[in-house]
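Next, two complexes with subunit A in common: one pairs it with subunit B, the other with subunit C.
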Partner chain A sequence: MKNSTNEMIKRVRFHGRGGQGMKTASRIVGTASFLEGFFVQDCPLYGAERRGAPMVAFTRLSKEPILERGLIVSPDINIIADETLLGDKNANVFQGIWEGTVTIVNTHYPASHVRNVHGIVGEIVTLDVTEIALNVIGESVLSSTAAAVVCKLTGVISESSLEKAVTRELSSINLKKETIQKNVQAALICFDRIPEAHPHYFEPIKEDKKDEIVKLEYADACLGSPSVYAKGSTKLKKTGNWRLFRPVIDHEKCSRCYTCFVYCPHSCISIDGDGYPQIDYDNCKGCLTCFYECPKKVISKDREVKAW
Partner chain B sequence: MSMKNAAYKKFKDISREEHISPGTALCTGCGGLLALRLAYKVLGENVVIVNAAGCFTLLSVYPYSPFSSSWMYTAMACAPAGAQGIRDALDILIKKGKLKSEENLKVVVLTGDGAANDIGLQSTSAAIYRGLDFYYFCYDNEAYSNTGFQMSSATPYGSRTATSLPGEINPQGTVQRKKDLFEIWRAHKPPYLATVSPSHPVDLSNKFEKASKFEGPKLFIALSPCPPGWSFDASNSVNIARLAVQTGIWPLKEAVYGEVKHTVIPKFKPVEEYLRTQNRYDHLFNPVKQVDVIDNIKKDVEQYWERYLDS
Partner chain C sequence: MVKEMLTGNSAAAWGARLSEVDYIPAFPITPQTEIIEVISQWINDGEMNAKFTNMDSEHSMITAAGTAAATGARVFSATSSQGLLYGYEMLYNVTGWRVPLVLVNVSRGLSAPITLEPDHNDVLSARDSGFIQIHAETCQEILDTILMAYRIAEDERVLLPVLINMDGFYLSFTREPVEVPGKDEVSKFLPEYNPKHAFFKASNPMSQGVAVLGGSAYSYFKYQMHLASLNVLTVHDEVAGEFKRIFGRSYSAIEAFKIDDAEYVIIMSNSFTIKGKAAVNKFREKGLKAGLLRLRLIRPFPSNELKTLLKGKKAVAVIDQNISPGSGGILSKDVTTALYHEPDRPEVILSFIGGLGGKDISHAEFNHIVEEMEKSIETGIVPETQLLYTKNDLDQINNLLNIAGKTLEELRN
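Showing the complex of A and B:
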């Protein structure tokens, strides 16, 4: 691997949910690589959806100017910062992975479990990055920690470049000094925990370069402008996997005051026949408004670790 | 609004029927969504939403819809014009006997503050002028939050947005005052006009109930705490909306044919308590406290209430 750094290009794909910090993570990796003397490129891709919905970001680093553009279909490093995305077909987190891909999953499960359940090719590394972020930073923002994991796996980025890149990128989004320090600390812990870069070296595969222009057929207006005839069908989307914490009601102590039901922004609390609130865990996004507003304080929050 | 003859007195009076199903694409803890959900409980299911482009157009993303009723998507500027078309069509169908009058629908425009205050203002003015029988629901998250939280003319003075970052020249962030949309609309003397907050569901429900008695334009501005844009934890939307009311920053009021009445007289907690809950105001406190800017915000609130409490 050492001999090949001159012509190498590394393509990193980040999968996360909006608000988790994957865009910033891709920037930190970009800046750290730049500080190591690489040409770099980074960009995020959001769908139309909001915070909590799946998103991807990309970083390319190379000793040569980078002429590739656009999405990374076959990543060398593929980080899945939210384990619930593994089961989400739309998020397509395994797209284009090959035997040379190192997939890193943020989970408390061991790598063998992830491999058995999902049959992932290539190497798998797991680390409970969220746990580290919660312990050290105090919130589940994964930008610096995820970046640290990737930096280590590239095998070509030093601790000091990582540290500088975290500081630089987080300062540019106006974070407080102490928050940045905590982020650096958490990043260094992750850097340390990840084993040395994978020993096998594979020739990086070329990205598919078919310059095909896809021609769209003419479609009649009634086909071209979609209509939805179902009522209330978004509940089929099951947004429960957006949740980081699970609100749990202690029904024995609940006074049936309706506060949680009234204030749930996502219509996820209903009142049962006996007047008790019941949470729809298939869809509850874990905003914890109910936890915060319950006047009796009988709703607790549990860290969600087994979403799939 | 006197509580005695109000339709809603407590949380238990609020309908258990949901008209916006779970599973939408909106952000975890969206304050505007909570306001809309509560409003919908009063409006019921005989509704057609005319939605100007913005965050809430993502409620219905093909092939899904969270609504118990109909929904149509328009460009930012023209939701009230779309509402006119639908209203006219419904009226014609009823007149021709093709639609039973009990199947009549309430036409509800749904827009963000960007569309309401900026590009959609003229079509709203025209619709009020024509006396169109419709509801207008503006979720006011005080910026263009769908596209990354750029400043709108509803962005408050002293706050940070992506396009009014605090810096050397403007350490306070946003320089301009928030447009007074309530007063702009009130100048048209519509039958009913109100501000609401998701922290005050009973007040909100009574206002929608009261509005239903009027024919013509019925307009609402809902305070909509926005976790990613205002930069606070998703569990805090209701609390922040409540503080906005309690500090006097967000007056809860209504105007019937232009006659204003405040429905909640706040306790006037210090405005700092509200400002400190959101990182969009962090630069007013760190690294040095910008006392002059905070004082200006205080003064604006005091002057507003002096005017109303005197009269």
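Showing the complex of A and C:
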């Protein structure tokens, strides 16, 4: 059965890490939809604000006034711009996806691989937008490319609205004309690479999942207050999968000056028994401070492509 | 007029800009910071002609706002949550000075535990300060309310500061199409401020906020503040009428949604109201006569309007997005008090707490609210304040408690 109100609205959820451009991506899609004459809402949600931490952003576009706000629990389009988030339980990137969801993953893997590994329902589209961004823009900022993929998959946003929206949004954050031009170019490439909107797309969204009301009872204050009693919990949280680039030390040429050891802001470099620096890849965030600071220039950076 | 995609924060900045404010003392706090970033950028770029000062705290900020307003300057400022509380002492001072500034609060749940999402314990803590309070539902309403707020605050019958509330994240960071009025229209609506009451000048010394010893003097001035606040009930409607004439958008002290033939009425405030409206639509599809009221003017409290709107209704449910531990919901008390002496009042008034720290109010919760209203009418028994919480919520907190290693057995070992 068709549900008239749900047909009118499309809900897009963007997953990425702080600094990757997902807030801007949600805004580009928002502005492009606005230019197409839709009612629109877009908003980012951060946890504690820091670069590299998982974040989500949302865009709603609708033919009718939008009677909802805030988080999108069941997206029609779900884009995961950072593949390392796929395995991150806390990022919860598959929350609320259903048979009608189109999930887009930024990865060099084919869609079938993502389906096999994660067993997710709905349509899956993959595209290595990072590769396109690096080649065309020269940076791994994914706002325009991710937005372009989403715009195409909505099936209701034209190339020219996308182009205008990229220009408008990037001008508003004072990017240089030349950079904006490159972003437009990268966006149009992505727009072209994505096939037309999926036919299931217009099927109605599932009714709200049934939920029950519970009556809260008094709990012992050890439970009923926001404290953590377990020790050593910080070390359980590995941050190595935040890396876009992996620093690699050429120990043959290293002079053991310890500059990298001193500069690493995350204390991920230790000195081994022979006096050589060793990187803790479980936790190195790939900030590349060591790469820039090494006076002998013997640290190289390798693009991480298989982080999961 | 142009429509633009604006966040609630940018809409607030536009409100200040179009009101041609003279002075903005500021202090940043998430989720309010964007308001003062946008304004300071405009001033830096020469697009806005005002004095901007970054203060050392909200306490200084509110003091500076009040003292500047006492010189006859038009003053704007903004804060949120802990920031509002940090400046709390000065709220009562600036109302006592009877100065008409406008302060925006971007609501965010109060610590501890710390969070970034909204509820209204922050802004309602200023409930008794003497500030006029207007709570907004959309980004457009924030801009419009700021323009209206200066008209209300500067009215000779009022001369009290106005606190405007918007929900953090749900409005502050959310962009939606907002109509930005032209300068000419705004100047027709909001003329320059020419104070007859507060006008400190170097050549014109005076004393404000002087010490009084003895209850009769103190009471006199406090009572005057109360009477001034009550005048807003009239002034607000006049100002709203004129606003509608010029800009075409209309606002009342209480927004009524599908209320005329409604039997079951949900009362809410701020941006979560949209969830209530969606729920009302769903109930109506099923044939249930549901309606909704959104409390917009919180201080003064529009008791008479509420009485009229709720005359003859079967049941009312107030959802408070705040909690007064040990008592319940703050606004439900105002609603109940307003209705008590009305002969044709609703049969039952139920009180619910929901949406604290930005927790969703799901359709299951709205369903529960309506079922409880029906049950109360049938049995005549009205339950105590109910804390809205679902099985999903419970699963989430159990998951967190697990991560925190907090099973009772472990703790005792």
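In the analysis below, the second predicted complex is superposed on the first by the 270 of 308 C-alpha atoms of A that agree within 3 Å, B and C clash if a C-alpha of one lies under 4 Å from a C-alpha of the other, contacts with A are read in each partner's own complex, and residues count from 1 in each chain.
Heads up, the rule we're going with is that a contact is a pair of C-beta atoms (placed from the backbone, for glycine too) under 8 Å apart; a residue touches a chain by one contact, two chains touch by 3 or more.
These numbers come from a predicted model, not from an experiment.
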Q: Please work out whether A:Arg27 is in contact with subunit B alone, subunit C alone, both, or neither, and reply first, second, both or neither.
A: second
Q: Applying the touch criterion given at the start, work out whether A:Val228 contacts subunit B, subunit C, both or neither, answering first, second, both or neither.
A: both
**Q.** Which of subunit B and subunit C A:Ser267 touches, first, second, both or neither
**A.** first
Q) Touch check for A:Leu216: first (subunit B), second (subunit C), both, or neither? A) second
Q: Based on the superposed arrangement, let me know which partner A:Gly286 touches: subunit B (first), subunit C (second), both, or neither?
A: first
Q: In the overlay, answer first, second, both or neither for which of subunit B and subunit C A:Tyr258 touches.
A: first
Q.
Touch test for A:Cys43: subunit B only (first), subunit C only (second), both, or neither?
A. second
Q. Where on subunit A do the contacts with subunit B and the contacts with subunit C coincide?
A. 49, 226, 228, 230, 233
Q. Contact residues on subunit C for subunit A in the complex?
A. 5, 7, 30, 112-113, 116, 169-170, 173-177, 271-272, 274-275, 277-278, 281, 358, 360, 362-365, 368, 387-394, 401, 403-406, 408, 410-411
**Q.** subunit A-touching residues of subunit B, taken from the complex the two chains share
**A.** 11-12, 14, 16, 18, 20-31, 33-34, 37-38, 55, 58-69, 160, 165, 198, 201, 227-228, 233-239, 282-283, 286
Q | Of all residues in subunit A, those that touch subunit C in their complex | A | 5, 27, 30-31, 34, 39-47, 49, 66-71, 73, 208-216, 220, 222-223, 226-230, 233
(Q) For a test of understanding, state which residues of subunit A touch subunit B in their complex under the given definition. (A) 18-19, 48-53, 174, 176, 226, 228, 230-239, 242, 257-259, 261-268, 270-271, 280, 282-289, 291-293
